[in-house]
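The data blocks that follow each hold one structure.
In what follows, chain A forms one complex with chain B and a second complex with chain C.
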Partner chain A sequence: MPIELIKEKCSSPINSVEIGVSGKKVVTIGGESAMPFLFDEGNMPNAPRVALEILDSEPAEWPEELIRPFGDSLKDPVGWAVKCVKDFGAGILCVRLQSTHPDYGSKDADHVIPILKSIIKETAVPLIVIGGGDDERDNIVLPKVSQALKGENCLLGIATQNNYKTLAATALADGHSIIAESPIDINIAKQVNILISDMGFNPHKILMHPTTTSLGYGMEYVYSIMERGRLAAFIGDKMLAMPFILFVGSEAWKTKEAKEAASAQGVNWEITTAVSMLQAGADLLVMRHPEAAENVRKYIEIVMNGGGKK
Partner chain B sequence: MALTGLDIYKLLPKTNCKECGFATCLAFAMALAQKKVSLDKCPSITAQAKEALESAAQPPVKLVTIGAGDKKIEIGNETVIYRHEQKFYHQAAIGLLIEDSSAQDRIDKAIAEIKGLEFERVGQKIAVNLICVRNSSGVKDKFVSTVKKVAAGSDLCIALDSIDAAAALEAARSIRGRRPLVICRNMKILPEFVKAAREENLPLAVSASTLEEAAQATDIAKRSGVDEIIINLDGNGLAKTIQDFTYARRAALKKNFRALGYPFLAFTSQAEPHLELAEAVSYVLKYAGIVIMKNRDKDFIFPLLVARQDIYQDPQKPVQVEPKIYEVGKVTKDSPVAVTTNFSITYFTVAAEVESSKVPTYIVVCDSEGMSVLTAWAAEKFTAEQIADTLKKSGIEGIVSHKKIIIPGYVSVLSGKLEEVSGWKVSVGPREASGIPNYLRNWK
Partner chain C sequence: MIVIGELINGMYKDVGKAIANKESDVIQHLAADQVMAGASVLDVNTGPYSQNPKDDMKWLIETIQGVVQVPLALDSTKADVIEEGLKLVAKRAIINSTNADEAKMAVIFGLAKKYNTQVIGLAMDKSGVPNSKEKRLELAAAIVAKAMEFGINAEDLFLDPIVLPLNVAQAQGSEVLESIREFRLLCDPAPNTTIGLSNVSQGTKFRPLVNRTFLTMAVANGLTSAILDPLDKELMDAMITAELVLNKAIYCDSFLEAYRKR
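Up next is the complex of A and B:
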């Protein structure tokens, strides 16, 4: 029976953002011109990527199941980073500067910079570096970190509507990309992108963080915000054409369903959150459990194989 | 998709005979579009026009019912591609596969395990819905006896998966009243299955590997008198299947293409359990009406059910918890008291962090009409006066021996006013729930 399918073509693709430096390893994020995995309607020149997250100091509140795969390496961020790359196949690392947060010791930049430099030296993979999450401390620490990593083309974060100037100025000066965050709100997402771009920041060096919420804790809000953002970008809204980054690992492992249940459930919680975000248009996932990350990488391979029999 | 008056006018005889009671055919068409009059009033309507108009009045995705009674499944009747446009209405059914070639004790075990796949979450019951019995043995009697065993041991809906129409018919008859779904695996044997489905008035799943074939199969089934049809897109794997589901939903909704306007069914293809889960989640997110899994481990099924619960949530109506005092841990009169809003995710996030702090704490939940802290504050649903009022009405004053209240960090600006109107000493908690454990451990 002849059928008339509707193939929606986009007029304006998502930006491609490079992280890392050529000569070493570079990854390109984004660039798609269709809703996720609809290859008849457009391209996804760059498969979504999975980064593994590490902390700059030993995690204080991680559940047993999340500690198990890493063992003692958790005590040494550089060893942990190397393990992620060598044993767990991470092509990108995300370092969360937890130790700089007042709750975890208020460490200064000169404490974390040598750690970051060693990680770059030992792993040579592109790096995402995010602050401890305390605005005041981040604004003191991150500029120094940015400067120390000048030329590495890292992805730095996190800039928000109320706290973006310091980070954007320093990332701009040192040639890094930036994460622009908004609280599950498409208008604020656009606003932060505009504010940062207005400072002279290249829009092709911005990733959007629409806020991550775990499976069972409002995942669907983020899912729909991402779909709305994407649809707007595809019809030409340049200030929403940034790739999406999602911190699925930290959010999934915050939930009691992941922390307190039998081992498989935590990993599955992270996988399910990740898959949902990929189906909503995620370009870069920051994950925690190596087994979850590996399965999500395999999943991406399967769906990117668009239409091939498997 | 409703037709406009002009669309309808084109299908009318345009004779202006006035038999319908309207002065012109156009006036009649306009009244039809507003559903003010019935098409029967037109004496000279052609059969084709009648069919086209009647089909336009149907929902774009047919509602199909499987089973009977409490546990029956209703799928289809969806109206949007993206949930933010309105909402997804009928949750995808989750089914599990049982093969009749398995040993008897393994079948018994499977039935028992499937019974346990029922959970409560955020005040709602979530569970698997269906058992699909596959005639892997190829033996009719074995199939029928397995179906009977499943029906006796489980009150879930049943799907019959056999390439033998006679076996399917006999199995269906043996559990008459349960109204199973009959799955036809092959276009060549479709007429026999159509006959069986029609005889027993059962929903029928037709199988196809392309959307063209699927449209052809539903057309045959419909013309042969089967009303409730499901499309099983078979054997294309994950990547192709999610694309086809999307294109089919679009064709049904945007082009009113009837032959694809049915719920879709998918069997998982991945053998590795994590990937099978990822595959099933993808189908649930992308428009499947039924997903049938092999793995029934609850550590895998539970996240899948939660994903379904999430995505079928009404985006316009946030889920709320009851505004009252919640006790987390073994609270005493000296335990801290924290206040938050009644948006279920806010509450459950706060409660989870309080729990992980191991500091027993009272959480007083204010009625913020289901808004999160910042949103509620901005909308003036979480003000000093409202919090003070909630504290008073909750009776927390008579429960604890102190008058110290913790408020979310995002609304620190409320501190002064709240102390003034409530008489409680206010301390400002962390902005993010993740800071709660550390905060509570240091609370005095």
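Up next is the complex of A and C:
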């Protein structure tokens, strides 16, 4: 007797979030109604997307293998961005405003806004912009950046439970989407989403960052958090129905396994982390190494086409 | 939990008066307020004093559907009144109700099949409300069997063990709670269960406290739906919290608000 597989049907899909402006390029993130790639149970109208990450100033501590593909372009963020799009096929860029962090020069918005505007002009791809990671500085810089990019429908980050008001208010005013982060904690993930939507923010303009950890460093915890959130969203929890974004590049290349080993291992570390996160339900991956990104895009194409079946 | 708002019932003085005088704003406010407070279904009952229940039922449905788009539970002992209503409903309705009498079930399940509705099945028959969980279970099983004969899915049944007032039938509390748990085991997929909650506190002191305590205990026993007053915020909060304890929703600090955003 053939075994009958149990198929779960979801009653409410993940939100679809658009980044970018029509006329230029727009990407739609999320919208799925099944666990990853289970096409017998529901749809994935939008394939997961890969963004390449660039910094607004030359990276200080990147390993040799990560510097190699970009060469001198790392000194010029606009040239770096163009290279990512033209040479490495990036359809989305993520700009990390490292230079605004006190450890990297405390640059002001006046310094980064022209860079961002040039990137938009030269590449015309949808943009993710995240602060340098210092709450105080981010709350000064990001509102000005948000305003300068008004109308570009960017994805801005990062909002947390203890620091979301400034970013949410400014992103709301300027029509951007927002990244809501929680520390590998599904309760806080839900709470941040509620706090942000309580400010009048459209839940369909929020992406969740459940915190990224890489292979060998607790990736399983993130995996199970994402899985739990997803299952709740599918049975109707609107405050967990946001697509997931994961910063796999920055996390994978923090590990000693990636940094210190012979060339291929770092790239493979990033690929493995990325693919695992896709299987956990990631909708948008921010990656660093172009070869890793290319491989992950190929992987997505294969699984979206039914994998071995086709 | 499927919350069925109980307030549009001609038995209540103001509603009865609104029906008699066709004061649509009274009914529409009640409908909108209940939905806003978390009711996903609204009970519609013309009340015992309606001179012309068919017309009143039609008027109520049209009036309610003018402001909210939720399923309605058509509540009448008369099948022809229910049928008049079923012709008008915009969303899949619930018939409230049948009991376990053969003749009654045949009529109600016939209507349910014809109009593709869900049905509330009361675990009672001609001889009245049973006083043991065994008898309740027997009647519930008869309802499930009859529904299946008519090709109605178990998930479309809401089995009601009949809640009695605490002050006159104290021994029935635990019988009812255990019945709720056992009704769920009658078939797979399980039938839904429901209770007319307010009855438990009829004539008692501290009615809201009795209501929310009983509801919490019923939820713990697997209750999937209740006919209640959704405007009682403390009652709704207790229900939401009970479901959270059962891990039916993911905790967050604003869990009450999270539930209401659904």
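Brief remarks on what is shown
To be clear about the criterion, the second predicted complex is superposed on the first by the 305 of 310 C-alpha atoms of A that agree within 3 Å, B and C clash if a C-alpha of one lies under 4 Å from a C-alpha of the other, contacts with A are read in each partner's own complex, and residues count from 1 in each chain.
Note that in this section a contact is a pair of C-beta atoms (placed from the backbone, for glycine too) under 8 Å apart; a residue touches a chain by one contact, two chains touch by 3 or more.
Keep in mind it's a predicted model, so treat the numbers as computed, not measured.
Comparing chain B with chain C, the partner in contact with more residues of chain A is B. Residue contacts after overlaying the shared chain place A:Trp62 against neither chain B nor chain C. Contact with chain C, but none with chain B, is seen for A:Leu240 once the two complexes are overlaid on the shared chain. Within the superposed three-chain model, A:Asp103 lies in touch with chain B and out of touch with chain C [touch as defined at top]. Using the contact criterion defined above for the overlaid structures, shared-chain residue A:Arg228 touches chain B and also reaches chain C.
In the superposition on chain A, A:Phe88 makes contact with neither chain B nor chain C. In the superposition on the C-alpha atoms of chain A, the part of chain A touched by chain B in one complex and by chain C in the other spans residues 228. Against chain C, the residues of chain A that register as touching in their complex are 186-191, 194-195, 197-198, 228-229, 232, 236-240. Considering their complex, residues 249-254, 257-258, 261-262 of chain C touch chain A. Those residues of chain A that touch chain B in the shared complex are 1-8, 35, 37-40, 61, 103, 133, 183, 213, 215-221, 223-224, 227-228, 231, 254-257, 259, 261-265, 267-269, 271-272, 275-276, 279, 291-292, 295-296, 298-299, 302-310. By the touch rule above, chain B contacts chain A in their complex via residues 82-84, 121-122, 211-212, 215-216, 219, 235-240, 242-243, 246-247, 250-251, 254-255, 257, 259-260, 269-270, 272, 274-275, 277-279, 281-282, 285-286, 297, 299-300, 302-304, 306-307, 309-311, 313, 315, 345, 348-349, 352-353, 355-356, 374, 432, 434-435, 437-438.
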